[in-house]
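Quick heads-up: structures coming right below.
Each of the next two complexes has subunit A plus one other chain: subunit B in the first, subunit C in the second.
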Partner chain A sequence: MNKVEAKKVKKGKVVRYNKWGYIFLVPFVVTYLVFQLVPMVSTIFNSFFENYRSGLTQIGPNFVGLDNYKSLLGNSDVWKYLKNTAIMWIMGFIPQILLALLLANWFSNVRLKLKGLGFFKTVIYLPNLIMASAFAMLFFALFSDNGPVNAILINMGVISEPYRFMSHVWSTRGLVAFMNFLMWFGNTTILLMAGIMGIDMNLFEAAEVDGAKPTKVFTLITLPLLRPILIYVVITSLIGGIQMFDVPQILTSGSGAPVNSSMTLIMYLNKHLFSKNYGMGGAMSVLLFFITGILSVIVFKITSKKED
Partner chain B sequence: MKKKLLAVLLTVTMVTTMLVGCGSKKNDSKNTITTDTKPVTTDNTDTTKTDDAATDTTETVATPEEGKILNIYCWNDEFQRRMKDHYPGYEEVDATTGKIGDVTVKWNITPSDDNAYQNNLDETLLKQKDASQDNKIDLFLIEADYALKYVDTEYTMPVSDLGITEADLSKQYQYTKDIVTDANGQIKGVSWQGCPGVLIYRRSIAKDVFGTDEINKIQEKLANWDAFSTAAQEVKDKGYYMLSGYDDAYRVFSNNVSSKWVVDGKINIDDSIKTWVEQTKEFTDKGYNNKTSLWSSDWSTGFTPEGKVFCYFGPAWFVDFTLGGKGTDGDWYATKGPQGFFWGGTWICGATGTDNQSLIKDIILKLTTDDTIMKDIVVKDNDFVNNTTVMDAMSTDSTYASAVLGESNPLGTYAAGAGSIDLSNISPYDQGCTEEFQGAMKDYFDGNATYDEALQNFYSLITVKYPELSY
Partner chain C sequence: MSSNKSREDNGIGIKTRRAISYIVLVLVTVLCLFWFYLLFLYTTKTHNEIQLGFSAVPGSNFVENWMNLIKGTLPILTGLLNSLFVSTACVVCSTYFSAMTAYSIHAYNFKFKQAMFTFILVVMMIPTQVTALGFLRLVDGMNLKNSFIPLIIPTIAAPMTFYYIKQYMESALPLEIIEASRIDGSGEFMTFNRIVLPMLKPALAVQAIFTFVQTWNNYFMPALILNDDKKKTLPILIAQLRSADWLKFDMGQVYMMIAFSIFPVIVVYLCLSKHIVQGIALGSVKG
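And now, the complex of A and B:
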């Protein structure tokens, strides 16, 4: 009898806590509805309309069904810009994840007894604190035709006349990738370090007792156990990569030059702003959403296969 | 398994936040749509509305009570300096405010870069009807490249509604009136400057290459494009550049077109523009230019004492506003060059709905028609003013000399070009077409694309800018 009563009391308490749980959730749900769901729905809604401005004259909104999608997908430009975005992201991401893994492994390795860890952690994170546009402006000035980098290279006798970084496809893409790499490897390092430190120390010690070499420890213990964080890093970076905008926009003054080879998807979306083309802009955003979703699922499937 | 769940959760949150990135923009877009449609619908309700505005005008002119705040929208401080130096009674308070009597002048200066000026102006103009009197735009400035965009709308007041008559403007160059005349023949803006272009060359380089810097002799060497090319080779042989970059000669060709950029909603590339492409490609391949883009810092290194650029094409404002004060003042001379052209120019427009009509009228009349003030502008600022009487007199005035142009008097050269400017082929799309075309062709000049590829890129970008166009 006593037991049953006690159970009843407990149950009542649980229900009351649940209520508070919902109340605490209200701010999130409200913010989500106002700032995320409503804009999302209106974006999708807008994408079915012809709606732009010609000079000061507003055209539309006229319902056009899927016409915006048809003209977007029927145009090779979008795929070209998607390719540009992917290339520049991969060029930046591969060195970024490799260096971050290496640094995270070193930084979290107690055996190495590194000095000034706090200092290095701060320094590698610093580039991320600079505004991306300011960073791009800096690079624009550094690598301009008559800029300091060219001056140094000429003085050192590496080249005889200025190399025009912004006029060649791969140097421009390379600069964009390099900037993204510089800005984000510190952030990735810190995330991965957190992941590594979350791994049970006993495992490393046991491996050492068994005589495992550092490379073995890394490939057989660190990497597999780091997988969830790695997936997170890859997917966030992928999404960030698809949304790449400020760096190439400022570096090429919005032109995506040369030959539109550094024009990213979001820069293309931004171009629609000139004519306040909400229809095409909406269609473009929805397309981006699907691309991101599909890519994230693919990455997730690939990286989490072994666990099952 | 728990970690897998965590990863899924994180992924989901990231994806949703990503959507917000594209979504939030759309949200305020929706707001602007609703506000936008208002003026458009009234637009359709026809010209009776403008007639109303016109009758309003005469009423407000009659009443001496006018707004105490004059809002001026512009993209640099050129007009502000003209006001400060030449408009009687204007007092500067600080960088963005001034006073004329008891009226406060508020300057809203937004740079033209990335279309920021027009974006800002458009948004404010579209809300003009709902804005309170003190927040309405009273006066704004426009440039030749996009003048028609504003002239052909009811947001710009006909100057006749301000009480400015044809007779007031009789001394002005005809082209400055043509450009701002709307479809109904109403003049919608007035300019204080004329922008006939000349070729401005570096005297020290001329002496080094041709052994003389005399204007007549140099003009002979540059009298037509064939001669210009021959001269360019000589300049190059001495280690100099004929032109700074790709776009320098663009205006000379784009002003001598025989068809518009857009014909019946289709993009049209004029033969003269094609000639520019061919010539610039040839010049680039032969090393006659320094491969820079207009307005870049590399482009303007030619102005400095270390500069190696022989000549620039430009109108009067270019000389003092752009070229002057870079350490080479006096080392330049102006001559007609191979072909006449014009470039730029600023027009003053009254915004419909302003409550400072008589003040605007006075500003326009003083700065663009008053002989004494205009002469003063020429003497102090070396501008080429929009007044035939003053310019004809000044052209032969031996007391006038431009410091930048080696104490010579270039006004005669400008004036000769001013009469022949033909603007029958301008369109509201000129600005966008010019910018995108120059950008796309740069890839061709750099050798990164063939002409056809560059042209295709131009088409795909221009149709994003102007969705109503086809090619």
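And now, the complex of A and C:
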């Protein structure tokens, strides 16, 4: 009987304490409501209105239903920018994941026993922390027509006159992709390494005893067991790729030059935000929201499955 | 060691593999650091030396470039102070309140606890850009353009930081300690501030660094909110430098300006790199 009573008292106490759970949640909930949820609703709301400036005259706001979506999706521009974003993401991501897999595999290999791992990890993660806009500005200066890279290439006799990196479609895209690759492969390496470290070491030892070659161990043990983390890395990187903005924006000064071939989705959204075209900007945001929403749900499914 | 020998017959020997690894790693290191070497090299040169073509020998114009930059037209010292202020304020808001949110979910039992946790995880991935339009209209409506408030206050709700601290609490914050402090008569708020926060120090430090770097580097939102020269942060000034007719600039100064925004983060990183590199792996993937 005593025990039950004690339990009762404890329960009463716990309930009394638990109101603090709500109190401690207040700052988060209030901030989230005001600065995230209200803006989100307002963004969706705005997407149904015609509301922009044409010269000095303000057009709207007039309710136009789904017209903004129709003109957004009916226009070839947004598809072009989606394609640009996808191309630059893929060009950066493929070398990134390949190098990251290779390095992660080496770093976590017990038999290789590489020295100076702390140093290498520090170095490869460094570009991730650099201000993307400053990094883009640096590359713009280094790869400019009479910048150091051209000068070095001429000195080495690779080219005879400066190559105009910013005037060609694929060199501009290549530079954006290269910067993204450089900024993110270290991060990916460290994530994959944590994943490989999580694999049961006995499996590797057993494979070695059976005389499996390192490449076999990698393709038959490491890769399959790394699958959940690989998917996580791919999708989070994809979400990051959709947000690609700072690097191409600064590199091309917001123009997406040459001929809009490096204009990304967020750069397009940014244009609408600056010119205060709220209707089209809203429709564009909702589109981006759906794309990232779907991807986030997939990430969420993977991460919650892992915890089971 | 002797057992290794027989295995070396399988494919390439371990020594060769090790040699290849080191060569690739050195190449990767060069690939990462080369750009910063060029940047540093060019901050030491005069505009004319830079135009003459490439030479790996550092110039002697470092101090002069620095003085020119400070006296120049871009308000970079104000920019630096603005960046420092915004980043520090964001760090304080984001880590303190995220710890509070995580504590609420970790230490208490209430009706919507699980729902709330799931909700935060779901919204974690939504980028700020997709709500930027509504956010800007809200900022306009509140008359907060050219104010730091809309950059700082929203970081109170930082789902990523929350998630990291929550993960850390699961391994490092036993509920018995909270129980014990209750018996000692400490109020809940006091317990959180005096007992829980100090125990979370390692996690808070990692998140403080990440939040700082993120805000320091943030360009998208500040560029849309701040357009008064006195309020601009460093990334906005960099963008301004790019969109100006930059060929007319003294290139030594341009490089100095880039270095000025990059090197503080590099220095902080090199001092704290151990914690940072550990932090990435801990936060995102658990085992």
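In this section, the second predicted complex is superposed on the first by the 247 of 308 C-alpha atoms of A that agree within 3 Å, B and C clash if a C-alpha of one lies under 4 Å from a C-alpha of the other, contacts with A are read in each partner's own complex, and residues count from 1 in each chain.
The definition used in the following text is that a residue touches a chain if its C-beta (ideal position, glycine included) is under 8 Å from a C-beta of that chain, and two chains touch if they have at least 3 such contacts.
Just so it is clear, the model here is predicted, and its values are computed rather than measured.
More residues of subunit A are touched by C (comparison of subunit B with subunit C). Looking at the shared chain after the overlay, A:Leu269 reaches both subunit B and subunit C. In the superposition on chain A, contact of A:Gly118 is made with subunit C only, not with subunit B.
Of the two partner chains placed by superposition, subunit B and subunit C are both touched by A:Asn146. Of the two partner chains placed around the shared chain by superposition, subunit B and subunit C are both touched by A:Thr43. By the touch criterion defined above, A:Thr85 reaches neither subunit B nor subunit C. Judged by the touch definition given at the top, the superposed model places A:Ala194 against subunit C, while subunit B stays out of reach. In the superposition on chain A, A:Ile239 makes contact with both subunit B and subunit C. Residue contacts after overlaying the shared chain place A:Leu295 against subunit C, while subunit B stays out of touching range.
Look at A:Thr222: by the touch rule set out above, it reaches neither subunit B nor subunit C.
Within subunit A, the residues touching subunit B in one complex and subunit C in the other are 35-36, 38-40, 42-43, 46, 146, 232, 236, 239, 242-243, 254, 269, 272, 274, 278, 281-282, 285-286, 288-289, 292-293, 296, 300, 304, 307. Those residues of subunit A whose C-beta lies close enough to touch subunit B in the complex are 35-36, 38-40, 42-43, 46, 51-59, 61, 75, 77, 144-146, 164, 167-169, 227-228, 231-232, 235-236, 239, 242-243, 254-255, 257-261, 268-269, 271-272, 274-278, 280-282, 284-286, 288-289, 292-293, 296, 300, 304, 307.
By the touch criterion given at the top, residues 14, 17-25, 27-28, 31-32, 34-36, 38-46, 99, 102-103, 106, 111-114, 118, 120-127, 129-142, 146, 148, 151-152, 154-155, 182, 186-187, 190-191, 193-195, 198, 208, 211-215, 229, 232, 236, 239, 242-243, 245-246, 249-250, 253-254, 266, 269-270, 272-274, 278, 281-282, 285-286, 288-289, 292-293, 295-297, 299-300, 303-304, 306-307 of subunit A touch subunit C in their complex. Across the interface of their complex, subunit A is touched by residues 4, 7, 10-11, 14, 17-18, 21-22, 24-25, 28-29, 31-33, 35, 38-39, 42, 50-51, 53-54, 97-98, 100-101, 103-105, 107-110, 113, 116, 120-127, 129-138, 150, 153-154, 156-157, 162, 182, 188-189, 192, 213, 216-217, 219-220, 224, 234-235, 238-239, 241-243, 251, 254-255, 258, 261-262, 265-266, 269-270, 273-274, 276-277, 280-282, 284-287 of subunit C.
Those residues of subunit B that touch subunit A in the complex are listed here as 3-4, 6-8, 10-11, 14-27, 29-30, 32-33, 36-37, 40, 43, 114-115, 122, 125-126, 149-150, 152-153, 155, 291-292, 296-298, 301, 428, 432, 439, 442-443, 446, 448-449, 453-454, 457, 460-461, 464-468.
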